[in-house]
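Letters are used for the chains, namely A, B and C, taken in the order the chains are written, and counting of residues starts over at 1 for each.
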Amino acid sequence: MRRNTGTILVIAFIIASNGCITLTPSVGESPLIITDDLGREVTIPKELNRIVSLSPSNTEILFSLGLGDKVVGVTSYCNYPPEAQERLEIGGFVTVNIEKVVALRPDLVLADSRLQKAVVEELEKLDLSVVALRSDDMDEILEDIELIGKITGREGASQELTANMRKRIKAITDNTKDLNEDQLPHVLFIHQLDPLSVSGPGSLAHILIQLAGGLNIAADVEAKSVVYNLELLIERDPDVIIFNKNMGTIEITVNDLKGQPGWNVISAVKNDRVYGIDGDVVSRKGPRIVDGLEEMARCIHPELFE
Amino acid sequence: MNYLEKILHWKLIITYLIVVLVLTIVITATLGPAHIHPLIVLKMLASRLPLVNSLVAPSWSISEETIIFQIRLPRIILGVLVGAALGVAGTAMQGLFKNPMADPYIIGISAGAALGATLAMVTLASLSMYMVPLMAFIFAMGAIFLVYNIARVGSKLPTSTLLLSGIAVTLFLSAITSFMMYISGEKLHGIVFWLMGGLWASSWDDVWMTFPWIVIGTTIIYIFARDLNVMLLDEEPAQHLGVDVERLKKIIMTFTSLITASAVAVSGIIGFVGLIIPHAMRILVGPDHRILLPCSALVGGVFLVWADTLARTIIAPTEIPVGIITSIFGAPFFIYLLRKRKKAIF
Amino acid sequence: MTSVTLRINNIACRYESTSVLEDIELSALGGDFIGVIGPNASGKSTLIRSISRTLRPYMGAILLDEKDVYALPSKEVAKKLAVVPQESVITFAFTALEIVLMGRNPHIGRFDAEGADDLAIARKAMELTNTWHLSERPINELSGGEKQRVIIARALAQEPKVLLLDEPTDHLDIGHQIEILDLIKRLSKEESIIVIAVFHNLNLASLYCDRLMLIHHGKIFSLGSPENVLTAENIKRVYGVEVLIKRQPVTNSIYVTLLPRRDSMPPSSDYLSNKGAPKRMFFVHIICGAGTGSQLMHLLTERGYKVTAGVLNAIDTDHEMNYLGIPIVSEAPFSSISCEAHEANLELIDKADVIVLTSIPFGYGNLKNLEAAELALENKPVLLIEKEPIEKRDFTQGEAKKIYNRLKENGAVVLQDTKEVLPIIEEIAR
């Protein structure tokens, strides 16, 4: 049934475009229609002058493609690049203020398909062009960058960016892919300290650990982020601990971690291999993810990447 | 003589519960997601006991020792303290207010503690291990002070006004907490987990921070156990039987607040224990606070330790907030007791 | 050991701004049994509350052994003063013994537990109140009466010198009421305890109290011995009801009988259809006795007839009807009708428009009443109520029967029942 409808639509589309060409040749090429990560078909307006980004990842991608001037609205979390904070704030991540978005009269809204379904539906009702994106691994991040490039007419810039990113990723993986299991340090990525919350399978940090040649000791948990049992932290004895050094906005130092009761017996602590990194670079699905990967690689294999 | 038999019976119950508590501590010390053989754990425990320690030769690693003595044991002991505090505080509040819905949090302690902890988490720029519990404690006591002064009519503290102002202050503080959470951004994670309550990061520091308050508070409440019994007859008869009702209210309120605030400061808001343990104990041992208070303390401690043991092992390596366990396992058991009894208990 | 003293010095109490007690003065010594009576909301319970340290008077003082009770710690007061409240709601499953032991609370130190002597005192209190057999039963499973007796035992376990009771026996059946009040009375004398008890039942109050305090609108209306306080006049002014005050022959205590208010009685339908009250004074004389006339007297008075009666014996039930203001010719108890009484009776008969002779038994003592009826029949209608044939009522070996039958022959109207009297009198009156 679905397929039939699709077929009919395609046929109708062909007829319609044929008609266009013949009847009004001045219109030129057909409008761009893309399917976003919610499976919605979105017609992209040709002229894009006002873009609202509803996620920090999208904001970072837009700025990196040189579209910073066209971004008129961002979320309160969009702190990178610093200029992004000068744009009008349209609310939080799940607490988007619809009125503010509409008032900005955007030509395009870039949303997150996982957490903003309801927001997308509302904006859609108001006849705004909304593209909802989602990426769960490196390849999807690269695809999303290219898709945004295509939508915004920056295909060239985006291709160039992703090519560079692919090169940098390869530079890491070339060094790590042949390591055998004994050469993989046991790593734990801590994104919150109280309670001890770590990144599990499916999370970007987990993927980065693997790419950087480490073994996530929390690989057996059931979710991307879980509260982790302290005894297991000690029993599984990670060689390397990497933590989000600004959990929220609280600055956490290496010594804070080393001072946790009982942690002095952990190899990472004993061998001084506890590293704080900016949590954003390992969680934002944008161009900076490669920075995150490189930083992790330096933490996990300093001998290879110094 | 039945009365003397009753006293003897009480002593037996308490002895029995102390044995259960000790066994609970020993058994739960052998249980955990880290793979340490129970026998090794027992040996480790023995090695720390005077007299028998010379008989045990260390046959375990330093990490195993750290896991048991730095992670598992302080967590168990803190569970005993928090469970006991909540059990005692709930019993005292229900008795003092003659209200079956009363729990340790009823007059604003939880809401005050939550706001204090949230404020600490949202506003502090650097992490200090003690700021969150300290702020939680200060705000909990502040909330009680506020409720007390709102409810006070001259030198008297009418119970219904007290309960209502407790509810009003709770709602008000919760609204502020909700607002703080709304604007907290990425810190929401920590706040939500704190509000759910848990013993995940217990250390000996937490134990030593709470131990004196809980022991002192519980002892003082116990000293007034007979007065609490008389209070169950209602305020006027209690007055006629020589209880200084207004003074008793102040004392009980102060010390239940103290022990509850201490417990909440280190464990967050663990629900259910303070409400249900006193009721369950009332069904099992009767309304006399001289037996009810120690039983609620011991069983509260035992119950919370077992609930927490499940919380840390059931889907290891992941932790579950212990409040979920206390409700999931405690509520059906309590309903069973209610049905079995089939009599009004309050 | 000196006796306990309780002095209430001109106290006044109020709730919020409503004054409920004023100018209350009382002085009591050990052994005094003082009853507090008065209508609802007159301030009786407030008085108990203020003495028991629950409601502080805004004026005056309550001195227990010359010390202001509000200046003493509650524990000190509770050692001397116990209270039995109107009602105790105890929903917790304490046993009766545990409840009674709570009475020992003021005597036990903060860090002590009940000792053997406390237990002995509790047991004695329970035995006195006949509740020892209930000692292991949960209090919330006892009946209202049993519970109240346990509460009284609790008060006794306090070994009080002053015992305040707020309608203490209202939940009890009469057997237990008497038992408990007897006990309290005895203890008050033996142990020299001041008892101050609120009573609803005026007869119980007069039966047990040495002194009564009648409170009306928060003030002492009357204070003194039961015979001085319980007068028909006082009760009418305070409670607004008519009562009959008698002295009980057995106990010699004042005995109060409540009477329904005349103006509140429902008028009967035929009274209404009768175009209001009789237009002129219509006199009915009733020759009755042994209670056979009371009902009729009541009925006729209520309808506005002037009723007289005679000759009755002074302790006769019918005689009590003189509260209605009915002129009654009476004779000393158990005496024959004297010539003077007979003459007086005939005078009343002379004034009457109609004579009613109720179904009384006749002996030689009251044969004169029958003769009076015969004289009346000469010029007035006479109604005979004959519930039982004269043969059964004749204790004069036929003499009464002879006169009675003559009455019938000479035109006296014979009625089977008292109910038939009113319609006939109404007919005659018209």
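Points worth noting:
We adopt the following convention: contacts are C-beta pairs under 8 Å (C-beta built on N, C-alpha and C of every residue); 3 or more make two chains touch, one makes a residue touch a chain.
None of the values given here were measured: they were computed from a predicted structure.
For the interfaces A-B and B-C, the C-beta contact count is higher for A-B.
A summary of chain positions shows that the Cα centroid lying nearest the centre of all protein Cα atoms is that of chain B.
For this pair, chain A with chain C, the centres built from the Cα atoms lie 93 Å apart. Remark: chain A and chain B have CA centroids separated by 42 Å (rounded to whole angstrom).
Taking each chain's centre as the mean of its C-alpha atoms, chain B lies 59 Å from chain C.
Chain B contributes residues 32-36, 62-64, 66-67, 70-72, 74, 121-122, 124-127, 132, 182, 184-187, 189-190, 193-194, 198, 200-201, 203-205, 312, 315-319 to its touches with chain A in the complex.
Interface residues of chain C, counted against chain B in their complex, comprise 49, 52-54, 73-79, 81-83, 85, 88-94, 97-99, 101-103, 105-106, 108, 110-111, 113-114, 119, 135-136, 140, 154, 158. Chain B makes touch with chain C in their complex at residues 1-3, 7, 223, 226-227, 229-230, 232-234, 236-237, 239-245, 286-288, 290, 343-346. Here chain A touches chain B in the complex through residues 76-77, 92, 95, 192-197, 218, 220-223, 226-232, 234-235, 237, 247-252, 256, 261-262, 264-266, going by the rule given at the top.
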